[in-house]
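Can you keep this structure in mind? I'll have questions shortly.
Chains: A, B, C and D, in written order; residue numbering restarts at 1 for each.
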Amino acid sequence: MDFDYSPRTREMIDRLDGFMRTHVLPANQAFHETAARGEYPLAILEPLKAKAYAEGLWNLFLPDLEETDPGTRLSNLEYAPLAEIMGRVPWSSEVFNCSAPDTGNMEILKRFATPEQKQKWLDPLLRGEIRSVVGLTEPDTASSDLTNLTTTIRRDGDHYVINGRKWFSTGARHPNAKICLLFGVSDPSPDAPRHRRHSFVIVPLDAPGVEVVRDVPIMHHHAPEGHCEVVYRNVRVPVENLLGKEGDGFLLAQERLGPGRIHHCMRTIGQCELALELMCDRALQRSTFGKTLAERSNIQDWIAQSRFEIDQARLLVLRTAWKMDREGTKAARVDVSAIKVVAARLQTNVVDRAMQVFGAAGITPDTPLSYLWSWGRALRYIDGPDEVHLMVIAREELAKAKAATGRNAAHFVRPH
Amino acid sequence: MDFDYSPRTREMIDRLDGFMRTHVLPANQAFHETAARGEYPLAILEPLKAKAYAEGLWNLFLPDLEETDPGTRLSNLEYAPLAEIMGRVPWSSEVFNCSAPDTGNMEILKRFATPEQKQKWLDPLLRGEIRSVVGLTEPDTASSDLTNLTTTIRRDGDHYVINGRKWFSTGARHPNAKICLLFGVSDPSPDAPRHRRHSFVIVPLDAPGVEVVRDVPIMHHHAPEGHCEVVYRNVRVPVENLLGKEGDGFLLAQERLGPGRIHHCMRTIGQCELALELMCDRALQRSTFGKTLAERSNIQDWIAQSRFEIDQARLLVLRTAWKMDREGTKAARVDVSAIKVVAARLQTNVVDRAMQVFGAAGITPDTPLSYLWSWGRALRYIDGPDEVHLMVIAREELAKAKAATGRNAAHFVRPH
Amino acid sequence: MDFDYSPRTREMIDRLDGFMRTHVLPANQAFHETAARGEYPLAILEPLKAKAYAEGLWNLFLPDLEETDPGTRLSNLEYAPLAEIMGRVPWSSEVFNCSAPDTGNMEILKRFATPEQKQKWLDPLLRGEIRSVVGLTEPDTASSDLTNLTTTIRRDGDHYVINGRKWFSTGARHPNAKICLLFGVSDPSPDAPRHRRHSFVIVPLDAPGVEVVRDVPIMHHHAPEGHCEVVYRNVRVPVENLLGKEGDGFLLAQERLGPGRIHHCMRTIGQCELALELMCDRALQRSTFGKTLAERSNIQDWIAQSRFEIDQARLLVLRTAWKMDREGTKAARVDVSAIKVVAARLQTNVVDRAMQVFGAAGITPDTPLSYLWSWGRALRYIDGPDEVHLMVIAREELAKAKAATGRNAAHFVRPH
Amino acid sequence: MDFDYSPRTREMIDRLDGFMRTHVLPANQAFHETAARGEYPLAILEPLKAKAYAEGLWNLFLPDLEETDPGTRLSNLEYAPLAEIMGRVPWSSEVFNCSAPDTGNMEILKRFATPEQKQKWLDPLLRGEIRSVVGLTEPDTASSDLTNLTTTIRRDGDHYVINGRKWFSTGARHPNAKICLLFGVSDPSPDAPRHRRHSFVIVPLDAPGVEVVRDVPIMHHHAPEGHCEVVYRNVRVPVENLLGKEGDGFLLAQERLGPGRIHHCMRTIGQCELALELMCDRALQRSTFGKTLAERSNIQDWIAQSRFEIDQARLLVLRTAWKMDREGTKAARVDVSAIKVVAARLQTNVVDRAMQVFGAAGITPDTPLSYLWSWGRALRYIDGPDEVHLMVIAREELAKAKAATGRNAAHFVRPH
C-alpha cells in the first residue's frame, strides 16, 4: 500500500499545472467575455490546443492508443490528478482534448467502430479537429432507466430512419461538432429482450431532419457549447453508421459510462479544492463586527469539514481508478457508482459553504462558485441519478450479506 | 389559542386564489416568454394591476393607511396566507402592488417622509404608478454589517453629493423605476457614533451621475427587473431629499427590514407548497425499473419530510406575524431572525428534493423549480446572511440564561 | 388565529410549575439515589401523589371524566404545556397520575371496558392506587406492523389461554403494577380478515404462568419500573377479561396510540427546552483557549438552531392537540404521525448538541442529558418507527395530489 | 500509488481473523455474562492471552521493540486492518495486549522512561502481566484544553505530593491495574510558561490516598474495567516516579495522543463494518407490510451510504497510518485530527442506521449496536472534542491560504 503519486505522475502534474498557469489562466477572462457575447471562443482555444498538442499534453484520458494516434497514454490512476487540475478551469479540458462527451465517444469508437468509422470520425476526434455529441436522455422519458428510451431507429433498406427528441445533448452548438452517437430503439417488438432492444447509430449533425431546437440552461447557466434539445425527424443514415451490432445499445452505453463518470468525479475533486481555497482566501480578507470570518469557529468548521470531505472523496476516486486499471471497468462498476454519488454531493456541499462565505458575491457569476455549484447539482443527475447508483451499491452489499448468512451470530448476546 | 384563519382571512384567500387562477396563471407563459426576450412584460402586468386595484386586492401588505390611500388594510397575520399564494407565481406580487423593494420603501416613506416627499413619491407608489429601488449592499464591502458601508453622502450647500457603488439594487431596470432610497455615510468623522454615521437620501434614478452598469444574475438567473449594479458619481440631490434626520440611516434600515423579511418568508411557504405539489405529481407519473417513484420509500420520505417541515415553518411565520401585529416590529426582531433562517433553508431543501424527483427536467427552466431553488439560495444572503441571524438568536437565548443562572441546579444528580 | 395560551392554561402552568419547584425538584436527587439502589422510590412518590391529588393536579391528560372520577378535565391543548413541564423531570408524571402506559390504558378502559371491568381496574387506576402495563411488542416479530404479532389468545370454555413473549412491557416491575392489557391473536384461521384477527385481554400480572423474565435496558439505561420482557405460558383468564369484542384488537390499539403519541411529543418539547437551557448555562461557564464557549460562533449556531427547531416543533404539537380536541383522534392521525417523527428527531438533535457542550460530563449520568438522549432515540421506535409514520404522511400527501391531477399545469413554461 | 495490502499484511489479517473466529468469538457470550455479574472475566481472558502470545499475535500496535521484548513489530499501516478486526469484538484487544490506555502508556514509557522505570513497569506491561491507567481528564475543568488541568504535583523533599480528582480513568477497576500515569501541575507559579507547567508522574494505584470513588458509565454503559473517578489525597510518590523531566507533561501528552487516536479510528472502521453487515442481515430477514426491509429504497439508501462512508474513512485512516510510518507522529498531527472527527461521526451515523433497522432490538444490549453507538458518541469527546480537532484542521488550511495569497486571482471574472 502506497499513497504517493509515481514520479511520472508528479512530473505530469508539474507540467500540466505549469501550462495552466502560463497559458490557460491568463486567457480565462477573455474566454468568459467571448462566451458571454454568445460567441464560441474558438479563437482562444485553437492556439492553446496546438500548444498542448505540441507539448504532449493530449488525450490524457486515453490509456490505450494505436501507435499512430496522438496522445500521452496514461492510466486512469495517472490521469486522475491531471483531471483535477483541468477541473479547476472547466473550459480547459478542451485544450487537452479531454472534454466530455468526446472522451466517452472516443472510447467506444475505439472499441466498437469499424475501420471505416474510425478513419472517418475517430481519427479527427483524436486529433481534436472535430467534436461530437451523444444522444441519450429524452425530455419525455424517465431516462435514468435507459430501457425506457423511445427514440426509434428503424431499418429501411440500407438506411436507418431516426425519429425522436433528445435533450442534454452537450456540445451540439459547438462550431466543430460534427456527429452525434444516438441511442434508440432498433427492435420495437414487444417480446424483444429488454436489454437488446436498443442500438447506437452515428448521425452527422448536418443530416436533413436534425434540428437543434434550443439550448437548455442548467440551473439557468447557459454553457457556451450548449446542452441542447435536438429533434430528429425522419433522419436517414446509411446502415454503415450502426455502431457495433443491432441490439448492442445498452451494452455500449454501460461501457461508455464507467470512464465518463470517473472523469466527472476527478474534475469535481479539483473544483472542490479550488472552492476551499477561495473560501479560505475570502475568510481571511473579510471582517464583520470586528473580526475576520477566518476567526469565527463556524467558518472554521466549514473549512475543516471541506478539507477532510475532499480528502476522503479523492482517495475513493483514486482507488476506483486504480481498480479500473487493474481489473477493468466492469469490475469497478459498483465503485464507480459510489464515487459518482460521493462526488456530486461533495461538490454541492463544499461549494455551498464557499458561496456563503463570499456573501452576495458568491451567488453572482463574478466568482467561479455559482457555476461550480450548478454543475455539481447537475451531476446528481448526469450519467444516472444518485438514487440509481445508491440502489446499485445496496444490492451488491445485500448480495454479499445473503451469501454469508449467519456469519455474525456470535456477536449477539442471548438473554436467558 | 386558535389555529384557524379568521372568516375574513378565509374570504380573502378565496378571492385572491380565484384571481390567480382566473387572471394570473393564464398569463404565466406569456409573461416568461416576454421576459425571455429581454422585454419587461408591462403590457401583461398593467391590465392585471388595474383589475386587482378595482377588486380591492391592493397594497395587501400595508396594515395602516390614510383614509385616502388605496389598499385593503390587512394585518400581518391576515397578509401571510395571501403572500403565500402570491409567492407561487413570483412575478404576481406586482399585480397587487406588493413587490419588494416597494413594500419596504412604502413602509419607511409612510413613517419617516415629509408631507412633500410623500406627495411626490409615496402617493404614486401606493397607486402603483411608479416603482422604487433601495441602495444598500455594496460589492466591495462586507455588507452584512451595515456599519461597514462606504458610499458617501456629503453635504454641499443645499445639496448632498453622492459617490459610491451599490449592487443587488433590485428593480433598477424596471421601466417604471423612478427613485432609489440610498444608504450611505453622511458623517465620516472617525469619532462619530458607529450607528449614527449613515443616512438615507432619495435619489431620482434619472439624476446625472447615476449609472446602472449591469444586471447581476443570481445563480445565473436574470430577473426581468434586474438585480443591478449601480454607480453614483458626484450625484447631486437637494437636501430636501434626506429621509428622516441625518444619522438615522441605521435606524431606518432596521425598521425597514422587519416586515420585508417576513414577506420573503411568507412567499417561501407558498413556493415550498408548490414544490411539494409538483414533487407529488411527478412521483405519481414517472416509472423506473417497474415502479412509480411514488411507490419508493426514499421518495416517500422526502415527501413526508417536506410536508412537516413546511407546516412547522408556516406556523413559526404566522406566530411571528401575530406578534408583530400585537407588539410591534421591534419586539419581534429575534422571531424575524428565526423565520428568516428557517425559511431560506426550507426553500433550498424542499425544492432540491423536488428537482431530484423531476430528474433532468428539474434543473431546466421548464419547471419553476430551478428558479425557486436559486431564489431560496439567495435568501440565505438577502436581508442578512443566516450567520448574522443565528448570532442574534443565540445572544438572546444566552442573555435569558445569564439572567436565570442556577435555575436548573436541581436537575443534576450529584455523585457521592 | 391566536397563539396565546388561555388564561386558564396560564394559571395551570403557574400552579404546576410552582408544584414542581416546591415539591418535585427538591426530591429529584433522592429519587435517583433510591432508584440507583434498585429500589422503586415509592416512599418519595406517594406523599407527592397525595399532595398533587389534593391540589387538583391529577389526571391532567384526561379530557372527559365521569362526575365521580378524580381529575382536572383539561383538553389536549390545555394539557400540552403541562406535559412539557412534567417532561423536564421524567419521573414526575407519576406524581400527577399522568404516566404512560397508564394514560393510554385508562383511555381505552374508559371507552371500551364493561362496568365491571371499570370498577375493578379503571377506578383504582384513576385514583392512582394501582399501575398497569400494555403488552404489544414482541422480541421475535417485526412489531411495527401490528398484524405480524403472534402471541395467542385461545378460547377454552369460559377462559382464554395465553401463550407468547412480549418485551418493552414498561412498568412490569413497578411495585403497584397489577394488570397488563395484552394484545394477541384470537382468530388464527388463515382466512380471517387481517385487521380482525387480534384482541386485547386484561391479564392480572399475578396470574399463574406470567413471568417477568428480565428488564431490558434502553441504550443501557435501566428504568426503575422496567421495560420488561414477559413470558406468558398457558396463562388462563376468564372470558370476562376480554376488552371490547373479539377481533377489536387492532382497532383498540389504533385508538390507544393517538393520545399516547402526542403525550410523548409534549414531554419531548419540555425536555428539549431543558437541554437548551443547560447548554446555554454551560456555554456561559466554560472557557477553553481563552474564550467562553458562549462566545464561539459554532456553539452559538447550535443554540440558535435548537431555539427555532423547538419552537417549530412545539407549534406543530399544539396545533395537533387543538385538532384532536376539535375533530377527534382519528381526524388528526396524520398530524400525530408528523409530530411523532419531528419530536423524536428533535430530541436526539438538541440533546446531542447539549451533550457536546458539556464535554465528558455530558455522556455521564450526572446530567439529565444522557438519559434524555437515550429516551429520544428510543422514541424513534416507541409507538411505531419513524419510517412507518413517514409512509403514512406521504400516502396522505400523494392521495391529495392524485385527487388534484393537473392543478399546476400553468406553472410550467412550455418551450417552443 | 497502490491500494493493496502487502502480502505480510494479508497473512496477518488471515491469522488474526482465524484466531478471532476460532478462539475469541466462541467466548463472547460468556465474557458478557461474566461482566454482567460485575466480575472481570479474567478467567476467560488469560488463556486467550497465553494462546495469542504463543502464536505471535502480541503487541501488534508497537512498531519498534527491543530485541528482548515480546511482540510482532508491525508498522502503523500494517496494524490498521488488524485493529479493525479486533474492533469488532471490543474486549478482544486485551487478548493481544493492544488495549488502551496500555498502548499509549507503553509508547511513552518506551520513549521517556528511565531504565529502572522500564524494568519495573514497562516490561510487565509488554508481557501483559499488569495493566495501567492514565489520569488526564478532570471533572471540574474544561479538559479539552490540557493547560486548564489543576491536579497538583508538589515537590516535597524526595517525594511528590499529589492532590486532585480525575475521571474517565479507564481501567482503574481492572484487577490487574497497577499504575496510573498521572498528569498535573508541577509548577504553579503564575509566570511559568503555559506549556511547561505540567508533568507526568507514575502513581501506584495502591499508594495511600488513592481512592477509586466510582465507575462513571458512558451513556449508561458500565465498562467492566471501569471509566473511573479517582481521588488523590496527599498521595506521596518518590521523585524517581517522574516521567521525563519536570514541565514535560504537555509534550508527553501530545506524543501519547497521536497513536492512541488512530487506534480508536482503526477500531471504528471495523465496528462500522460489523454494523453494516448486521444491518444487511436484518434487512434481509425482516418483513413489514408485505416486503422485506431490504426491498425498501430508504433502507437501501442507508446501506449504500454506509458502504461508501466507511470506505472513505478507512482510506483516510490508512493514509494517515502510512504518513505516520514515513514522517512521524508529529508530521501527521493534522491528519490525525481529521480522522478523529471523521471516525467518531461515522460510528454514530452508521450504527444509528443499523439500530433503526433492528427496531426495538437495536436499542437493547442483545445486539452489539447500542454499545457501539454509545462508544462512538463518547469518541466525539475522548482524546479531544471534535471542535478542537476542527479548529486544528482549519488553522492549517488557513495558514496555507495565507502563504499563497493571490494565487487564484485569475479564476475570477471581472465585470466591466
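Keep this in mind: a residue touches a chain if its C-beta (ideal position, glycine included) is under 8 Å from a C-beta of that chain, and two chains touch if they have at least 3 such contacts.
Nothing here was measured: the structure is a model prediction, and the numbers come from that model.
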| item | value |
| --- | --- |
| If a chain touches chain C and chain D alike, it appears here | A, B |
| Pair with more cross-chain C-beta pairs in contact, given A-C and A-D | A-D |
| Whole-Å separation of chain centres (CA-atom averages), chain A against chain C | 51 |
| Interchain centroid distance [CA atoms averaged], chain A/chain D, Å | 41 |
| In chain B, residues with contacts to at least two other chains | 216, 296-301, 365-366, 387, 415 |
| Residue ranges of chain B touching chain C (in the complex, touch as defined) | 1-6, 9, 25-26, 28-29, 32-33, 77, 88-89, 274, 276-278, 280-281, 283-284, 294, 297, 299-301, 303-305, 307-308, 311-313, 315-316, 318-319, 322-323, 338-339, 341-342, 365-368, 387, 389-395, 397-398, 400-402, 404-405, 407-408, 410-415 |
| Interface residues, chain A side, partner chain B - complex | 137, 139, 142-145, 148, 167-168, 216-222, 286-289, 296, 298, 352, 355-356, 359-366, 370-371, 373-374, 377-378, 380-381, 385-388 |
| Touching residues on chain A, where the partner in the complex is chain C | 213-214, 216, 229, 296-301, 415-416 |
